[in-house]
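Pasting the structures in now, so scroll down.
After this come two complexes, each holding chain A, first together with chain B and then together with chain C.
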Partner chain A sequence: MIWPAINAVYLSFTSTNLLNLSEQTLIGLDNFRAMLADPVFYTALVNSLWWTFGAVFFQLLFGMIGALALNQNIKFRGLIRGLVLLPWATPSVLIALMWMWILDPNLGIANRMLGFIGIGAQPWLSDPGTALPTLIFIDVWFGIPFFAVMILAALQSVPHELLEAARIDGANAWNTFWRVVLPLILPAVLITTTLRLIWTANFFDLILILTNGGPANASLTVPLYAYQTAYRGMDFGLGAALAVAQAAFLAILVVLYMRQIRKSDIA
Partner chain B sequence: MSAANSRASVSKVPQLSRIRPIYFLIAAWLVGVLGPYVWMFITSITPPSDLSSIILFPSHPTLAAFPSLLTETPFFEYLVNSIEVAVGTVVLTVACALLAGTALSRYRFRGRSVVLAGVLFMQLFPSILLIVPLYVELKTIGLIDNKIGLVLVDTAFALAFSTWLIKGFVDQIPREIEEAAYVDGCSKWQAFRHIILPLARPGITAAATYAFIYSWNEFLFAMTFTFSNSTRTMPVGLSLFVGENLIRWEFLTAGGVLASIPILIGFMYAQKGLVAGLSSGAVKG
Partner chain C sequence: MLRRMATIATVVALVVAGCSSASTTPSPTTNAASGAPQTAAPTATPTAAPAKVTSINYWYWQDDVTDTTIQTLANQFEQLYGIHVNIQSSIAQPNFYQSLVNAIAAGNAPDATHLNTNMFGQLIQAKVLEPLNTQIDAWSGKADVIPSMWSFVKGPDGQTIYAMPNKFLMFYMYYRIDLFQKYGVTVPKTQEEFVAAAKALTHPSDKVYGFDIRGGANGQDQWAAFLVAGGAQFLDSTGKVAFSSAAAKTSNNLYISTYPDYTNPGAINDGYAQITSNFEAGTAAMIINHLGLAKTLDKWDSAKTGVALIPSATGDPTKTTYMGTMNANAVLAASTKKEAAFKWISFLAETQAQLAITKSTNGYLPVVTSVANDPQFASNKYMQISIQAAANSVTAWPPIPGTTVATQKTWQPLFQGALTGKNSADAVIDGVGNTLSTGK
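Right after this comes the complex of A and B.
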């Protein structure tokens, strides 16, 4: 696992063609220069930021609400918990296909239901303006269970005595959550969010199948661009350079997380 | 996630006025989550000619799409490939994760913390970064377009989390039990076989489920590293249906239903263990 990673960094400094692996030459920083001069790279970068932070923000928000709901005393809790977690275990390809069918411009149930309540058909994935938001929506749907599970696990480790004490002191549910529960589950929320940001930034199965970055690069993200460059364009060197740049961005995220952890350890 | 644990976190005075909106919320959530699956199932039993007119349920439900999917397309072959790769990944992952997890939990050795941190750190690398060199590597050792190659790659990726999962479970087994076994004359291997193995069983189940789901769902590697029908897995097969000019929705949705069944069974079976493993290992770690 370590060797391929080192190898990837090496590849990013070479000119490597998929069809002719023996003709590999070291070209230094040329791949990175080509990347920085490429306007598509910047489009992909902006899309990547929207995709990653947009999707994870809503996943966290709804995952938190969901976890709090699942932690209540409700009937059929085990069954409900199993059912709402289902998307987590579903192949991303299948998720993509299910939504492709739902959002199909002509036959899809989504547009027909909108027509039913008097709203016109939406282009969803086929319009540059709505493609990325639609993809983010699908990824939010896909990712809520993961947050819900992780936060639920953290919620269950909150000692009951503290909640009891807060209640006796007259705190309402809202205050109990902000002052007692949230500080206790914050480390778990933080690591989940960091892991998820990294994972979402790298995840492009959905985009690949649903729009392949289109229309007009409106939903092209950096890892997808790296993939296309390496396998469609057969340019492994440039593809690796894009992937290394992506890894470097993520490393910043990890460093920020580590610093946050260290700060809270000292405090 | 023991029963006592979950009971402790439930508020003891559920006022009726506070409970009601919760049920609305849960109901909306269930509809939102299950809706697409139900819609997929309904589509799969709808005759193609009725696809544009179904509102809630087809007027002439039919199961015809399932046999024609299996006979007219190589989907059955894809499913078998997927099962083979998934089973291979599970066996290899659990074997390695069990040994590694036990060693990391029970023995203090040079570089132990480096290994533990390194295993997690590797998770941070984008898979796209590794696809390129892995492709070159698999091609060099002749395992491109080969199911064994896919098993190796899937195992490499599923192993990190599985090792942490099993380590968390072995950590919870009291050392005293093992020490008592040594006093009674057990060898290290016997103690592993008769004490750790049975006691870590929920962890092993959880790790196996995780590895199965990972391999069953894995798309990017399978798509990049396979070219022929005899190695393609189910997710790749499903995605190929999309590339065709006219999408056969009844085939796609029938394939989706077939692909969901193992996940549904496996997930329902091991859901508790997975959540417990997450809360003991990943979250507190």
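Right after this comes the complex of A and C.
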């Protein structure tokens, strides 16, 4: 497990062509200089930030709402809990293909349904301004079940005695959630969020299949750019440098998260 | 603090590297499919098989996963020559090259592999393909191969043959006969007429658009085929990259001028599946593709499908170069069973195998004269238009390292940028030309 990571860092300091490894040479920081001088890298970086934080924010928001709903005594609760997991349990390639046809501008059902209510056809994935938000929407749909299930598990560990005590003390639903439930489930929420941030930052299957980073790099993220650079451009050194930069960024994110935990005295 | 950051950075790097390594090193699986033959069986006379069975590994991608032609041919080849062919066909075409490169780097390359002309350049430069001139000179089937086919499988020196021609395709235009009749439009011959026809065929109120431009995956082939017919050339007579030219830019401007007004909504991202669906649904009146689409359209409604040469600069086919593409078979230089591997790829270029391949699900142009003259092709309009195009000057993406990068990485963002106004149309020509020259 540790060798691929070390090798990725090593590759980032080399000029590497997989087809001719005997000519691999150490070139110091040249790949990182090339990366920083490349305007496409900054486009990908900004897109990555929107993609990662945008998708995870809405997943957390709707996952929390879903978990609170599923924690109620409702009919067919077991069945509903199983059904909401379906998007998460579906392979990402299948999800991409499914949404590709739902959103198809000519034959897709999404624009037809909008047409029924008098709204004109939307470009969804084919307009630089809407491609990334549409991809974020799909990833939110895909990731809500994970948050819902994780938060639901945390909610079910909240002692009933505490909820009962809050009710007797006159706390309303919002105050009970904000002052009793949330502090108790916060560690689980933060861990889930951090994991999901890392996964989402690295996840590019949907983007690769639906837009391949387009139109005109409008949905290109750093890991997809690293993949394209390495496997389409055959520049494995620069591809590795992009991956290392992403790893460093995620490391900073995790450090900030841990400091926040310590400050909040939650850990 | 620094220690903690270093620890966390290592953990995160492990996650990232772990994810990427898991997706980049597929372990080949053998396709054991041996269903009933879907195509005509070769009828060569079996000879006594040697007692010891040699086994070779062969990679190819299936354009149609239900097509068992190659497996059937492998079974017959084993009966004839006692050489067992382990077929790896589970990797889809878009990922095939990357998987092959991984296998080569890992020292796990197959003995023989299927390749598209777009993939040759880097492999030839890295000397991972076995030169085949000597074996081909000694091969009894050489004289049957259509002479022009060899130009597709030679290296940049124009002499060394690196692969055996196998499946040949020419790009041409498909058009909806019913829509042309409905709107009173004649089939365009020149590129100016093409733009005018796209305009005349566009009727958004009927959800009909003139041309599906294919700005997404692998659209570079259709684009290049249009530009080549417009006078662009990849290399000059000395073998130097000469893509950036006035003719290329004029043709490119005409192609791009159809967007967005005369093209399907979303065409900027469209790939093969979308242009096919839009054509069948009657929302696209014209598309560019090759024979690979013919059987799909035949099953749908052949009477509505017209075919024509790609509109050119002059409208005169004899003064036009048309673009083709070749899927060929190569022997890997690292193979320890080169003789058996060559036997297999030469078998696939012989008459009976070629007959089976051209009749397979997707259909291809034969690379041998004995099959090209088969009467069955005379009545097939898709074969006829392909042969008509191939009868003129023909070219393909050149076998240089820059081709792989230009087609896989450079083209799409620049082309989409030109469609959206992010960059100029000329920037596409200059960018692709630069990549062809530098390989970056």
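FYI, the second predicted complex is superposed on the first by the 260 of 267 C-alpha atoms of A that agree within 3 Å, B and C clash if a C-alpha of one lies under 4 Å from a C-alpha of the other, contacts with A are read in each partner's own complex, and residues count from 1 in each chain.
Assume a contact is a pair of C-beta atoms (placed from the backbone, for glycine too) under 8 Å apart; a residue touches a chain by one contact, two chains touch by 3 or more.
The model shown is predicted, which means the values in this text are computed figures rather than measured ones.
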item: Fit-or-clash call for chain B and chain C when the two complexes are aligned on chain A; value: clash
item: Touched partner set for A:P105, first chain B, second chain C, both or neither; value: second
item: Chain B versus chain C as contact partner of A:V255, first or second or both or neither; value: second
item: Which of chain B and chain C A:N202 touches, first, second, both or neither; value: both
item: Chain B versus chain C as contact partner of A:P215, first or second or both or neither; value: second
item: Which of chain B and chain C A:R232 touches, first, second, both or neither; value: second
item: Partner chain in contact with A:T90 - chain B first, chain C second, else both or neither; value: first
item: Which partner, chain B or chain C, touches more chain A residues; value: B
item: Chain B versus chain C as contact partner of A:S157, first or second or both or neither; value: first
item: Which superposed partner A:S126 touches (first chain B, second chain C, both, neither); value: second
item: Partner chain in contact with A:I27 - chain B first, chain C second, else both or neither; value: neither
item: From 22-30, 130-138, 220-228 or 328-336, the chain C stretch with C-alpha clashes against chain B; value: 22-30
item: Contact residues common to both interfaces of chain A (with chain B and with chain C); value: 1-2, 4-5, 7-8, 18, 21, 104, 106-107, 198, 202, 223, 226-227, 231, 243-244, 246-247, 250-251, 254
item: Residue numbers on chain A that touch chain B, as the complex places them; value: 1-5, 7-8, 11, 18, 21, 65-66, 69, 71-74, 78, 80-87, 89-94, 96-102, 104, 106-107, 109, 112, 141, 145, 149-150, 152-160, 163, 173, 188, 191-192, 195, 198, 201-202, 204-205, 209, 223, 226-227, 230-231, 236, 239-240, 243-244, 246-247, 250-251, 254
item: In the complex with chain C, residue positions of chain A that touch it; value: 1-2, 4-5, 7-9, 17-21, 40, 104-107, 121, 123-126, 128, 198, 202, 210-217, 220, 223, 226-229, 231-235, 243-244, 246-248, 250-252, 254-255, 258
item: Partner chain A, residues of chain C touching it in the complex; value: 4-5, 8-21, 24, 98, 101-102, 104-105, 122-123, 125-126, 128, 207, 215-217, 264-269, 274, 277-278, 281, 283, 404-405, 408-409, 412-413, 416-417, 419-420, 422-423, 440
item: Contacting residues of chain B [partner chain A, same complex]; value: 1, 5-6, 8-11, 14, 18-19, 22-23, 25-26, 29-30, 32-34, 36-37, 39-40, 43, 51-52, 55, 118, 122-137, 139, 156, 213, 216-217, 219-220, 224, 234-236, 238-239, 241-242, 249, 252-253, 256, 259-260, 263-264, 266-268, 271-272, 275, 278-279, 282-284
